[in-house]
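Presented sequentially are two complexes of chain A, the first with chain B as partner and the second with chain C.
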Partner chain A sequence: MAGSALRRLMAEYKQLTLNPPEGIIAGPVNEENFFEWEALIMGPENTCFEGGVFPARLAFPPDYPLNPPKMKFTCELFHPNIYPDGRVCISILHAPGDDPMGYESSAERWSPVQSVEKILLSVVSMLAEPNDESAANVDAAKTWRENRMKFEEIAAKTVRKSLGI
Partner chain B sequence: MADDFQFDPELNYDEATLEQQRQIEKDIADAQPLISDRIGLDQVIKEYTAGEDQVFVRKIEEMKSTYKCVRKTRADGNCFFRAYGYACFENFLTDKADYKRFHEVCDKTKDDLITLGFPQFTIEDFHTNFMEAVTKLETIDQEELISMFNDQGLSDYLVVYLRLIVSGLLQKEHEFYANFIEGYATVKDFCGHEVEPMGKESDHIHITALTQALGVPVQVLYMDHSEGSKCNLHVFPEDSKPSITLLYRPGHYDVLYS
Partner chain C sequence: MDRLFDISRFPDPGSVVLTIFYFPFGLVLVIIRLFIALHGLLVSCILPKSAATSFILKSIFAVVGIHIMVQEDKRDEKKKAKILVANYISHLDHMIIDFIQPCHTPDYQGLSGFEQWVFAYKNFGISKGTDTFEKNIKDYVTDDSNKFPVLLWPEKTTTNGRKGLLKFDKFPFSCSSIIQPMTIQATRWPLDVKVTTLTSNRWTDFFWSMFFPYTIFKIKILPAMEKSVDESVEEFADRVREKLSSTLKVRMTDYTFEDKEKYIKKLDSESKLKKASSNKKTKPNPAELAEVSKMAQQVKEVLPETPLSVIEKDLLKTKDIDRTISNILEGKIVIPRNASDSSILSVPSSIPEVSQEIRDKVNTQVSPAQQKYSAHYFPKSSSDRHQSFEERKKIMIETARQIYMEKHGLH
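Our next item is the complex of A and B:
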């Protein structure tokens, strides 16, 4: 089973290295194990996360791409769709039917034709446009909705922290 | 039972439900091969003689006048695709008359899917694996085909691609197929939820689309609890003479041989 997953992950890694999408770097933590990746995601321009560089880990199941990886930020990130422990909660990381957050049925789900690149691009959009309808961090969702200025202050702090300033 | 239930706020019930579902899937996977060897109908009948199900016993007895055995598929929600795919490939091992056309049709599906807006990079991954399998039909024997379909990684790749072919055809002819979908706003939406995801069961619309896309007809013998001793035979498409037959029992497809 892991044979096709490994082949696919190697191909995706190659593709991401040859044509890296803007603001994203991703690859295996070490080349001995293609099932654990780390990624660096730049905060999207013209958002309160602009300028930040946020590290994350992706853990792939042995039957990838039939099932999606799990993704977790390894830095602090106060955001409605990221659990306080860093786990990312967006629809593309869930197969249809596997529905802990009750996403809208039209939201894009995981399917084997998706890819790491697609996930990371969705995460960039998520940073730019939080979805407070399905909150993983209720506190962050509430702040985003009711006190945008405070949310942006916290984000600015996170950005500085991510750069080690 | 319900009175004993105490909600535990510390417990993640979604995770617990998913875990239970995974365990059931694993139990099924351990007990059933993806594609079995041929099993005689006398053996199949034993599943019902012990119980009260005299309707199925009668229907299988009647079936024996035309059919001899079945090849079972794992009950994982992909059984139609796996049964059809296997039977279709198996036929090409011995009957090469239609093989060249089939190879060309399969090959062309990639461009259709990319034109429809599917991501090229991942479509190519599935298409390449699928075409490797189709090309191998020229040289391999039955035993190799069985092990190909029982190699979970490869077997699932084939199922994924068959699902994509169905999705591609439905979307290409969405104006027609929009009349047959219920509960979804668009054919694309239907495909995203009921066709492309692994483990989603198949209905008439999937069968119609796949046989149309590949040009390989199929007949399905439906065994249910209706009256009489004969099962209903449905031919897809209606005016064709299929060389592959599937047996449908409520919720499940196997391959049927005469």
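Our next item is the complex of A and C:
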């Protein structure tokens, strides 16, 4: 089981090394454990997260790609679809069976044809367009909806913080 | 390239061991021979330069352990060459050749007067620049009152003389139309310890020659070669070079003496790097890193205010959670102000030490989110892959930082 997961992860790592999507870097934290990855995601342009570099961890299950990895930002991100502890809540990270929110079509969910690259791209578009209907951070969703100015201010602070400036 | 030179004097570990055993004898030999060599120096000072003096010196050198063997002598008495050219294998070459064919050797490197005297170089004014130097040699050669030819090394630097010839400098061939080529090769007895190494100087070469029982220089004197009228200097140089290489049975290479200097620099910087990484114990292996980051998390749970990078740095030194905690609590560790952002795992540790190499790869023309941070290839070894990954992360963060600072006018 783990062997095929390893092979698959290695193939994805190679793909992401040689031809990564724009503004994304991902790979194992160290190769002793191929099931623990690290990713750097650039805040998408023309959004309030522009310019930031956001580090995240991906934890793959031993039966990957049958089950999706878990993704967690290791920096603070005030965002409707990110739990306060950094966990990312998007449909592609949910296995077809479980649906905590109850309003995701199974087409958007995890399946073995998805990949790390697709997850990270989904995360980028999530950063660009928060989905305040399935809020993981209610506070953030509320601010996003009602006080956009404040949300952008917090985002700008996050960007600076992520760059260590 | 590396086969042209010897990096180490000793061909194999066995010879090093034997040399260590031999060392006391060698040292005694050196001391005795040093006094004999002093006599040689005395002889060369008192007696005028002539064939007889050369013979006496040659005998003294034989006692000192430098044996000279002439394997071929095709000197043509009718053709008196004013320029000798030879391949260059050690800093003792010119003395050896001087015993066979009395000659003057210009000082190429601008040595002190003392060194010129001890090693029998003649000052042709190299310190006043190459132009004066070359003019002086040409003047000397054309002046018929000077009896002795000048020895020049067209290779300009030493090789081991066993694998190849460097490219020739044209100058020796432009001085005179008659050239006396010679070849020289050296071996040691009983161990084949090298006469010259890549970076050795004349004093060490001389020391080792006296240290080992016997050093044998084999010399072949080839017939003098004359430049034909319709031949250019380059063609003449090439012809002599071919002659030398076929006599020595070595290849002609495209390397020049400048390549040798570059090669030395390269080796030098490599060994410095090696030294630096072995000195620095803080270059941990991935397993160690994983261990440290695990411990760092535990420390972090106790002291959530302290940045992870600081914790990890101290843990690398202490390898002990309790000691790191007490170090932090006692204020023994300086916590940098801008790293006080505790929530970022990887960013702060990489920010303070952005190397120039990374800076060079930063492209601030395109928005960082539109750049691809890819590697040109996927390395086979896991450590190389990891290194490439770390480097790309640094490039990305540095790019983002620079663009952000430019955009917001921060510095």
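By our rule, the second predicted complex is superposed on the first by the 163 of 165 C-alpha atoms of A that agree within 3 Å, B and C clash if a C-alpha of one lies under 4 Å from a C-alpha of the other, contacts with A are read in each partner's own complex, and residues count from 1 in each chain.
Keep this in mind: a contact is a pair of C-beta atoms (placed from the backbone, for glycine too) under 8 Å apart; a residue touches a chain by one contact, two chains touch by 3 or more.
Quick caveat: nothing in here was measured; it's all calculated off a predicted structure.
Participant: Put chain B and chain C onto chain A via the superposition and say whether they clash or fit.
Facilitator: fit
Participant: Is A:164 contacted by the first partner chain B, the second partner chain C, both or neither?
Facilitator: It touches chain C, and chain B stays clear.
Participant: Could you say whether A:53 touches chain B, chain C, both of them, or neither, answering first, second, both or neither?
Facilitator: second
Participant: Which angle, in steps of 10°, is spanned at chain A by chain B and chain C when each chain is reduced to its C-alpha centre?
Facilitator: The three centres form an angle at chain A of 110 degrees.
Participant: Once the structures are superposed on A, label A:22 by its partner contacts, choosing first (chain B), second (chain C), both or neither.
Facilitator: Second partner only, chain C.
Participant: For A:72, is the partner it touches chain B (first), chain C (second), both, or none of the two (neither)?
Facilitator: neither
Participant: Quick check for you: in the superposed arrangement, does A:87 touch first (chain B), second (chain C), both or neither?
Facilitator: neither
Participant: In the superposed arrangement, which partner chain does A:114 touch: chain B (first), chain C (second), both, or neither?
Facilitator: A:114: touches chain B, not chain C.
Participant: Between chain B and chain C, pick out the one touching the greater number of residues of chain A.
Facilitator: If we count touched residues of chain A for both partners, the winner is C.
Participant: Quick one: is A:33 in contact with chain B, with chain C, with both, or with neither? Answer first, second, both or neither.
Facilitator: second
Participant: For the superposed arrangement, tell me the lowest C-alpha distance between chain B and chain C in Å.
Facilitator: Minimum over all C-alpha pairs of chain B and chain C: 17 Å.
Participant: Quick check on the output: what are the common chain A residues between the chain B footprint and the chain C footprint?
Facilitator: none
Participant: Sort out for me which residues of chain A touch chain C in the complex.
Facilitator: 13-14, 17-25, 27-33, 38, 40, 42-45, 50-53, 55, 57, 74-76, 159-165
Participant: Where on chain C is chain A touching in the complex?
Facilitator: 286-287, 289-290, 338-339, 341, 343-348, 351, 367-375, 377-378, 382, 385-386, 388-389, 392-393, 396-397, 400-401, 403-405, 407, 410
Participant: How about chain B: which of its residues touch chain A in the complex?
Facilitator: 14-15, 18, 118-119, 121-123, 125-126, 129, 152-154, 156-157, 160, 164, 185, 189, 192-193, 196-198, 200
Participant: Hey, which residues of chain A end up touching chain B in the complex?
Facilitator: 1-5, 8, 11-12, 15, 63, 65-66, 95-98, 100, 105-106, 108-109, 111-115, 117-118
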